[in-house]
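Here chain A shows up in two complexes: once beside chain B, once beside chain C.
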Partner chain A sequence: MDQLVESISRRIAQRTSRRSFLARLGTFILGAAAIPLLPVDRVAHAQSAGSTDFKKSAHKNPNDDLTCDYWKYCAIDGFLCTCCGGDSHDCPPGATPSPTSWVGTCHNPGDNRDYIVSYRDCCGKGACGKCLCGNTEGEMPIYRAQLDSDLIWCFGAPTMVYHCSTAEIVGLK
Partner chain B sequence: MRRALVLLALASYFTASASLACAESAGNLYLLNCWGCHGAHGAGIKGTAPPLVGLSDFLKVPGGRAYLIEVPGVSLSSLNDAQIASVMNWVLDQMSTDRNFAPYTANEVHRLRATRLPELSKTRHALLDQLVTMKVRTSAE
Partner chain C sequence: MPSSRESAAVDAVFRAEYSFASVMRIRPHLAIVALAMLLVISAIPSRAQLPADQMTTLTLPDPKPNWVYIMDLQFPVNMLQKIWIMDGETRKLLGTIFGGYECNFEISPDHREMYMIDTWYSRGWHGDRTDVVTIFDAHTLNAIGEIALPPKRLLIVPKRNTTSLTPDGRFLLIANMTPATSVSVVDLKARKFRGEIETPGCAQVTATGKRQFFSMCADGSMLTVQFDDSGKQTAKTQSKPLFDPNSDPMFDQPAVVGSKAFFISYHGKVLPVDFSGADAVAQPMWSLIDDKDIAQKWRPGGWQTVTFQPRTGILYALMHQGGEWTHKQFGTEVWAFNANTHARVQRIKLKTPGYSILVSNADKPILFDMSLLPSKLETYSAPDGKFLGAYDDIGSPFLLYGP
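Coming up: the complex of A and B.
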């Protein structure tokens, strides 16, 4: 066994330079770090990473802001800030609210009225990874970008790094 | 015949009521379509969304009235001509100190939004320069 490992190690050492190995390792690390910054389809990415999809869980309560079924979250797409140290309309410490947001309408079964809701992403901190939701009420495809929630809405924020999403009532229909 | 006329009148009344109920107010059109980037008071975000405060200044320079409808955020929006006229008049009224302007009509919006601005940034800067030259504004920011 020792001889086998020694022979493989010697063969690698003879055929490759340390510089090229370090260059490839550096490229790999940088490339892996850049992937979360790409502003596309964060839900699919997070699901493949093994995050919990709360929509598929047993929780079904339109008044519980820790679940995807909370009525105000009818079009929320991403990690709930309520599960990440913030609340339904405030970012957790260390994350910055994006100055831009996308706006939709949700029906509140409590008073049977429709409310205008602003979905604002919290930015500047790595992905929270908790309570992933992919609700799509009123969502439009990417060619109607102002109503597409798959985008990371950190436009105008200091960085495009996405942490979690909030939902705030801004009007009544 | 008389019964048919009464039924027709009732049907017209309910149709009109339904369409009024479905019509979105100008303030809500702003919330749903503009608020996300331009903000509650039209302050905008530097480098991302221009401010809407003092927007009626653009109506004082040649080409400015058309520009406000030709910008992509307005002309390519999913709103119809009447809705654009309604929300634009609301913004001009709510976010400008000079409210003495001729309101947009749906027909005017229909005609203007058919034009595409080939050079958005250049057009905007040229209009802002004109505003400074005409002493409507003190800087072309």
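Coming up: the complex of A and C.
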């Protein structure tokens, strides 16, 4: 778990050049220091709250990243970047990957393992409007922001304008 | 454009006059006949002419209790959102106002003004960000002023409690996330941004008193903040956790009446909380569902999932049958409960599964059921659930507000 937290933090640090943004992010995390707020920790809690109904519902196209059924998209909410000129973990041309994200845990039927997935928005262009998915596995209200997919997750990007959503594997659960 | 009948009459008169002039020279008796014909034609009464239209702009009267205000995200772009103002009794559209990216909406308690809390980029989808409160006259729907804000608004698919008005209408409170969380305090009387109150670890804002608001916190506690007329925080109290978000999260859009809020959970629990004091006080939790309902997988879900009618004391929840993590599934029924006895008093089967519900605060209350797909507003009498009618095609509607 610690490694995963470190991994996410490192990613944020690597991809963010705006000092003021890091300061704000620090406030966000420090402000909630008394409670388990770091994303991965909270994923674990959220998982304990849920059942495995979503997994049992059997993805129709678990390997097709142009559909909402793609296994990595179990908690994706928005337009799939794969339908917008991007890839499942790459932004379309002209859009900027957000250094921040919400997270989920998805089961890969291919290797029968559970992965932590970071849902990073691509920002800085108007909404793509294609392949809307609203998967809600593990999704939490705004008071648990890092598990809330309704937020515009473009913090740290050049603008807060949302374009599409990607799913990055962070590591095994 | 003249009608064909009017054209024919004009032609006839023209031809008659022409003939009269030529015939006069040769056959005077024919001229007399022609003159008579001309008189006859002239005597045919033409259709009464309509008065010229005088174009004006209409204004709205004071709102009625069954009016409803619908937030349309104008999906998928939602950079220019819209409020539809509708009479819930006649289901007639009365007007619209517009707002910016992920905007929020409020109506002043005296119904004289409306507010859009907006974010704009100077070049539409890029450029400099401006956050601003746009003030509308509630009768003319004209934008009559604005108040600049720090560009920190919580940008989220709009929720009712991203902004809140104090009951006296003096202060507008705006939730921020940068992602550090805080609340901007705007003095509407002075038309000024007064300052910012930090709410670390807690999100959103709901006014529950003249100078008091609460935010929901990540551990299931509530942060109660008091402030003064200068917009400065005077007290801040974080309660003990009132629920366990790990086992059963509460939806983040409770039904709020005065200083009391009714939260409902993913698994169908109701948590009434009294926010009248300096610290939030939870009242005993009760359940929307019994063992039979649980066996049938009934649970609440949607976007605006719970609403309360203070005159009757009835709480309405949007319900569906589904498994875990179906908290955004459209509701097929609305269940009505006596909030005191916790008895279910009605099950209303919806014609169209709903995403958001609102009950009006009227003598004859209307239950509004709004679907996103298809885009539709349905009205039912409350609490008996008699279907009253529907209005189609209201864009991509997410939220309902009463006057």
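Assume the second predicted complex is superposed on the first by the 114 of 173 C-alpha atoms of A that agree within 3 Å, B and C clash if a C-alpha of one lies under 4 Å from a C-alpha of the other, contacts with A are read in each partner's own complex, and residues count from 1 in each chain.
Note that contacts are C-beta pairs under 8 Å (C-beta built on N, C-alpha and C of every residue); 3 or more make two chains touch, one makes a residue touch a chain.
Quick caveat: nothing in here was measured; it's all calculated off a predicted structure.
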item	value
Partner chain in contact with A:G124 - chain B first, chain C second, else both or neither	second
Partner chain(s) touched by A:I116 [first = chain B, second = chain C, both, neither]	first
Chain B versus chain C as contact partner of A:R144, first or second or both or neither	both
First (chain B), second (chain C), both or neither touched by A:K173	first
Contact breadth on chain A, by residue count: chain C or chain B	C
Partner chain(s) touched by A:L66 [first = chain B, second = chain C, both, neither]	neither
Which of chain B and chain C A:I152 touches, first, second, both or neither	second
Which superposed partner A:T100 touches (first chain B, second chain C, both, neither)	both
Chain C-contacting residues of chain A that also contact chain B	100, 144, 155
Residues on chain A engaged by chain C in the complex (per definition of touch)	24-25, 27-28, 30-37, 45-46, 48-51, 53-54, 57, 79, 100, 124-129, 132, 134, 136-145, 148, 150-152, 154-155, 158-161
Partner chain B, residues of chain A touching it in the complex	99-103, 105, 116, 118, 144, 146, 155-156, 170-171, 173
Touching residues (chain side chain B, partner chain A) in the complex	24, 27-28, 31-33, 35-37, 39-40, 45, 47-49, 78
Chain A-facing residues of chain C, complex	76-79, 101-102, 119, 121, 124-127, 129, 154-157, 159, 177-181, 198, 200-204, 215-219, 245-252, 266, 323-328
